[in-house]
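Given below, in the form of structure tokens, are the structures.
Next, two complexes with chain A in common: one pairs it with chain B, the other with chain C.
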Partner chain A sequence: MMLNKLNRNEILSMGDKFRIYVLLVVVFITMTIFAPHFFNAWNLTSIMKTVSMNATVAIGFTIILIVGQLDLSVGTIITFAAVIGLGLKGAVGYGLSVPLAIVAGGLIGLINGVLVAKVKINSFIVTLGMLTALQGAIYTITGGNTIAVTDHQAFAISDWLQHQIIPMVTPRVIITLVLVIGSSVFLRKTRIGRNFFMVGGNSQTAWLAGVDSDSYTIVAFVISGVMAAIGGILFAMESAAATLNLGTNSLMYVLSATIIGGTSMAGGKGGVFRSFIAIVTLTMLYNGIVLLGLGNEVQIFISGIILASVILYEAYVEFKHEKLVGQRPELLKELEAAQ
Partner chain B sequence: MSDELVKKTDTRSVTQNKFKRIVNVAGIYGVVVLFVILGVVLQALGIINNFLTATNMLNIVDAVSMLGIVALGMAFITYSGHFADLSVPTTMALTGIVAVQMLQFGFFVAILSAVIVGIVIGLINAFAIGKLKVNPIIWTLALNYMTLGVIRVVWANKQIYPDMISSSEHATKLFDNIYRLRFFNKIALPMIMLLILVVFFHFLMSKTRYGIQLKMTGAALKAAKFSGINVEWMIGSAFVLSALTATLGGLTVTSLSRVGAWYNGAGYDFKAVTAIVIGGMTLAGGRGSIIGVLGGVLIIGLMNNLMTLLGVGTFSQDMIRGIIFIVVVGLNAKSLRSMGRDDA
Partner chain C sequence: MKKTFSLLFVLVLALAFTGAVFANGGSEGSAESADSGNLEASLALDSAVAALTAADGQPLIKVSGTSRVVPARPADPEALSEDDPLHWWDMEFAGENSVKKNIPESPKDGAIGKKVIMIVHGDHPWTTACINGATKVADVYDMDFKALSPNWDLAVQNQMIDQAINEHPDLLLLIPLDAKTAPQQARKINQAGVPLIMFNTLPEAAAMDYCIAWTGPDDFGQFRKLSHLWADKLGKTGGVAYVQHAPGGSPYFARYWGPRSELAVYAPDIKVLDAQAPGFEADKTQQLVSDWLTRFGDELTGICAADDSAQALGITEALKKAGREDVVVIAAGNSKQGMDLVKEGKLFAITYQTAEGDGALAVKTAADWFNGVDLPPVRNLPQHMITADDVEDFYPPQW
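Moving on to the complex of A and B:
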């Protein structure tokens, strides 16, 4: 009987881990069958293009959730980095402006991290304040205009970033994949990476075990800032323009994907690669919805429903689990049998 | 010996509690007074005009009255330790658009249906967060998107106007008056609503059993549960209250703009959190007061007014607001910690 119970729990936890792969396959097959022009090289390439930016951002966001914090400012960091990187190009060239943009992202992350870990302000508040401040900064710097670069070199780089090395694989996709797989291996296989999970699981236990929780929290925010900046600057370089609503939808997108991918808001649980798969799934879904001729409003509605049902399902499992805590089902069954 | 020690610690913690509350509330109004003095000095130096006039003061309150209404209800959620209700923007939009649509059956039907919609949204939140213990931030964010989707699918991305739908001139006029009714030609109806809500909610939060149980739920959920408080009901009721004030805010905003549309109420979620947290209510739950939240709302109003009078651009205002927000909250957290009351 115990064995049965264990198996059931194992199956449930496998369901948690693999549901995103199942979802990916289901969405892919459904869209291939029903959505016109979904399964062709051109469309799949355009899907990968959308995936690239959000996937990079999702790496940092997943690590933030793993250490048990929240970063609402990723969307504005994307835009901020794009504005810095393209805005300074005229003065110093990409060679310096791109590193500067990434450093700026890291600095913003550092400020967030120090305020959260050292000054001990709730990350929700810190990043909300940062979001408001950065939003203002972006509009003040640009005066509300899109920044476009139009010289020869910028177009050459833009072309290079989107030329297909092998069908459907552009340099940007490769950069994204390297970052995703690299950080996934780093989190799973190195001691430092695994410590992030420990800090998120229980930061006091981690501290007692000799892990400096504060530093890990700060580093997580820095990674989040850097990743958001990389995602933003690459997207802007590819389109040779930085629009001011570049990162507006990213927060909801990345948050949904990370949660659907099985990373827990409570911290200590999750995976970068699964977030990446979730981003791919969501992007395919949205793309398919558009191809089916349904509008933006249906897309918003469906993304809300998916996110809501995933977290409701998780909460329901937890709810049933909590009901079982302190009960001994095998004893109850024995009693029933005896009667 | 040890008993005495416990007693001593106890008395000290009680006096500190009172002291803390005074500092907290006075601290907020200290900042309010500081801003007013700043305005007066700037006016005396001739940098800005018309700051310290009755009209301007009323304008400040008028401008933040809707934010105040929404923030007061959401404060109950923060007080119960559940951060915030991010579904407020679309609750406002949906109740507003439903009210406009229902104006064809008369004014009171419109208000009633808006309130029913608000209560339903509140109950959905209450069930998911109170009963199933979903994380409040992601849940309300997801619900926000679902409601937004409902509005945009049902009304097909269109805006609707009260005067085109309404059954009679009279109903339209009544609806317009939700925002526009002025007492003594000066005091607007939303201000009166805000005042009534402040008095009522302050009484509810600090003088009734409900308020004290909610405080315990927010401060120590498990302890509250084991001392026999029905925490699911407490948390759920906070979300219903927030949805109700969002309905009130939504009706007012819709009446102000004379149009029912999906973007009514956008931004009110974060603005309300800002006001609540500046007002000294911490996200850890169980701390702060309604009077403090009112102070937070007034600070936001004063800040906006001063910056506009100084000619600061809208976008730079955002930047300054974000920085002031972090600084005020940081100072608050620091002072609490130095008194030995650590806050998340």
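Moving on to the complex of A and C:
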């Protein structure tokens, strides 16, 4: 009965909103049934530990997409923060080196934000430039060497961060969950948070409503930098080492997950929590693929298929939406010209 | 929003609960200890393993016949100049002075049927050959053998280590992605009570404390030897440049500082002009070498590359375009490209780096441990330099 009342667009809208939860459940049940050693506390905890870094990065990245921008530098900010945090530990201890690493991430985000919002350079160009500059800085600072800490305190903190409190929950997972839930509530339940959607959805409306788009864009980049830095430094502390390509693979991973989670690259739409669920889903999928004895190439293939399917689906939804509201003036013009 | 949170909260609780309930349910114990007959049968297979050959026709299992002389460790190697060979003592001889911690005792019940998981560093033709070699030995012992590749991602390698521990293998073989991340990885595996053998990439000395043994090429030793050949060919004079390996791993240090510090003693008149790490793309290396030729001109008489495939191709192409085929080039590895270039006279010498043998030696060492053999902390592959004189002996190439 209820289904009868729902029109096609409502079903599409619901599918759009809940697809990632459906995907999570499907992957979880499939892997539980077919992948050996998938469903036990150790493995599920391992999945959540892996999720932590990229989930933290995805918070900032989602906000960046919501305001209609792009941040290609998150991967190198992860590495940069890890290098700063571990590199300075010997001199000032984690008590100061960790905050410094996070502040460094924020400053990088601030530079990105100012160049995008005030100097009006495309965010793709700005963050690509930042990525390259940071890579150079990292190699200069480290001399090409991995930064590692092998003292008793470093190992003790590493052990503590990955200590399983209850199945699936370690201190690092708790930190990640707090950040994810806090950011979700902030975005959805506060006026300032909702303004990010307005800036990305329609900047003219935002301007008419008295929302300073430039400030929100800058803040989004700062949040992105800070979150990438937190993700990087926590991972490095847990590994007791910061390799020079630590964040290299994170950009594509986070980008895929954020889009799969329903955040629009056009801006104005998305959710941090759904990005988090997408990261969990992809990590579970990759974990299960390995447990099934399949190779890395299968991982890449399947993630490509999922991403392509989601993008096609998004395009279809967008097409239906535009058709519905009659916002395809370019087609009308083409038709007029043809007549 | 509330609905979504409620839904997910319930889901997470359900997962945590079921996870807790099945905390030990998903794991499977390793195979029951075999009887003494298994040990005898396993030892009897050693001769079959010794008879295995690699794709290039060379014996698959080759252990360095000559023990390298290990000099006394300086009080503070770091305090010495980087051009002093002893500066690199902790890296070059990592493991020689390790203090083993919590190493499991050998079960001495044979290798047959043992569950062994190998975690490599990433996908590459070399890795494929390495896994092939490992599989050949594992098949002879009828091991339950599995190889995992994290595709050069440390986070994924850490996750794979967790996954491997979760499967309760009888032994874990690991190529650490980075020398300096190895101690914490080895420590974690050790704390989980899983016997560990590391191979190929030489880890930081601290990691050696937590593993049964390390096996692999003697990269420093190979390059010290190679540098002598190179210097003799150069007449112990001229200017040289180094195309380095990716920073971080032991090859980065062994293939640059190994020959450089050796030549500082053996041929001090050879001048180091530059050293760069352009990655493993032929075009980038070609550009780098072209720049060097412009910058240094005839002063550049020798180039040492960390890789005999893409890097070597880039180098030889740049030299050909500049008409500078007098430059003496050496490189690491014996890939098809490298050996073809040696045959053509474009590379003067390369090191014998058996990829299949690397994986095979790691599995053989694991089998020896199951068989109760006393193992040294370090087992090296043999040193050999391939030149135009003997390159034909190594065809067809392993990768």
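Of note:
Criterion: the second predicted complex is superposed on the first by the 313 of 339 C-alpha atoms of A that agree within 3 Å, B and C clash if a C-alpha of one lies under 4 Å from a C-alpha of the other, contacts with A are read in each partner's own complex, and residues count from 1 in each chain.
The definition used in the following text is that contacts are C-beta pairs under 8 Å (C-beta built on N, C-alpha and C of every residue); 3 or more make two chains touch, one makes a residue touch a chain.
All of these numbers come straight from a predicted model, not from anything done at the bench.
On the superposed chain A, the two partners chain B and chain C both fit, without a clash. Touch criterion met: A:249 reaches chain C, while chain B stays clear of it.
Judged by the touch definition given at the top, the superposed model places A:139 against both chain B and chain C.
By the document's definition of touching, neither partner reaches A:91: not chain B, not chain C. Residue contacts after overlaying the shared chain place A:273 against chain C, while chain B stays out of touching range. Contacts of A:33 after superposition on the shared chain: neither chain B nor chain C is touched. Once the two complexes are laid over each other on the shared chain, residue contacts for A:158 go to chain C alone; chain B is not touched.
After overlaying the two complexes on the shared chain, residue contacts for A:42 are found with chain C alone; chain B is out of touch. Once the two complexes are overlaid on the shared chain, A:148 sits against chain C while remaining clear of chain B.
Once the two complexes are laid on top of each other via chain A, the angle at chain A between chain B and chain C, using C-alpha centres, comes to 70°, given in steps of 10.
Overlay on chain A (Cα): least separation between chain B and chain C is 5 Å. On chain A, the patch touched by chain B and the patch touched by chain C overlap at residues 139, 144, 295-297.
Per the touch definition, chain C reaches chain A in the complex via residues 1, 4-5, 7-8, 11-12, 15-16, 18-20, 22-28, 123, 146, 148-156, 158-160, 162-163, 165-167, 177-181, 183-184, 187, 204, 206, 247-248, 252, 277. The part of chain B that touches chain A in the complex is made up of residues 83-84, 128, 131-135, 137-139, 141-150, 152-153, 156-157, 270, 273-274, 277, 282-284, 313-323, 325-326, 329-330, 333-334, 337, 342-344.
Here chain A touches chain B in the complex through residues 70, 115, 119-122, 124-126, 128-140, 144, 252, 255-256, 259, 265-266, 295-298, 300-305, 307-308, 311-312, 314-316, 318-319, going by the rule given at the top.
Residue ranges of chain A in contact with chain C, taken from their complex: 21, 24-25, 28, 36-47, 49-50, 53-54, 139, 142, 144-148, 150, 155, 158, 166-169, 188-189, 235, 239-241, 243-246, 248-249, 273, 277, 283, 286-287, 290-291, 293, 295-297.
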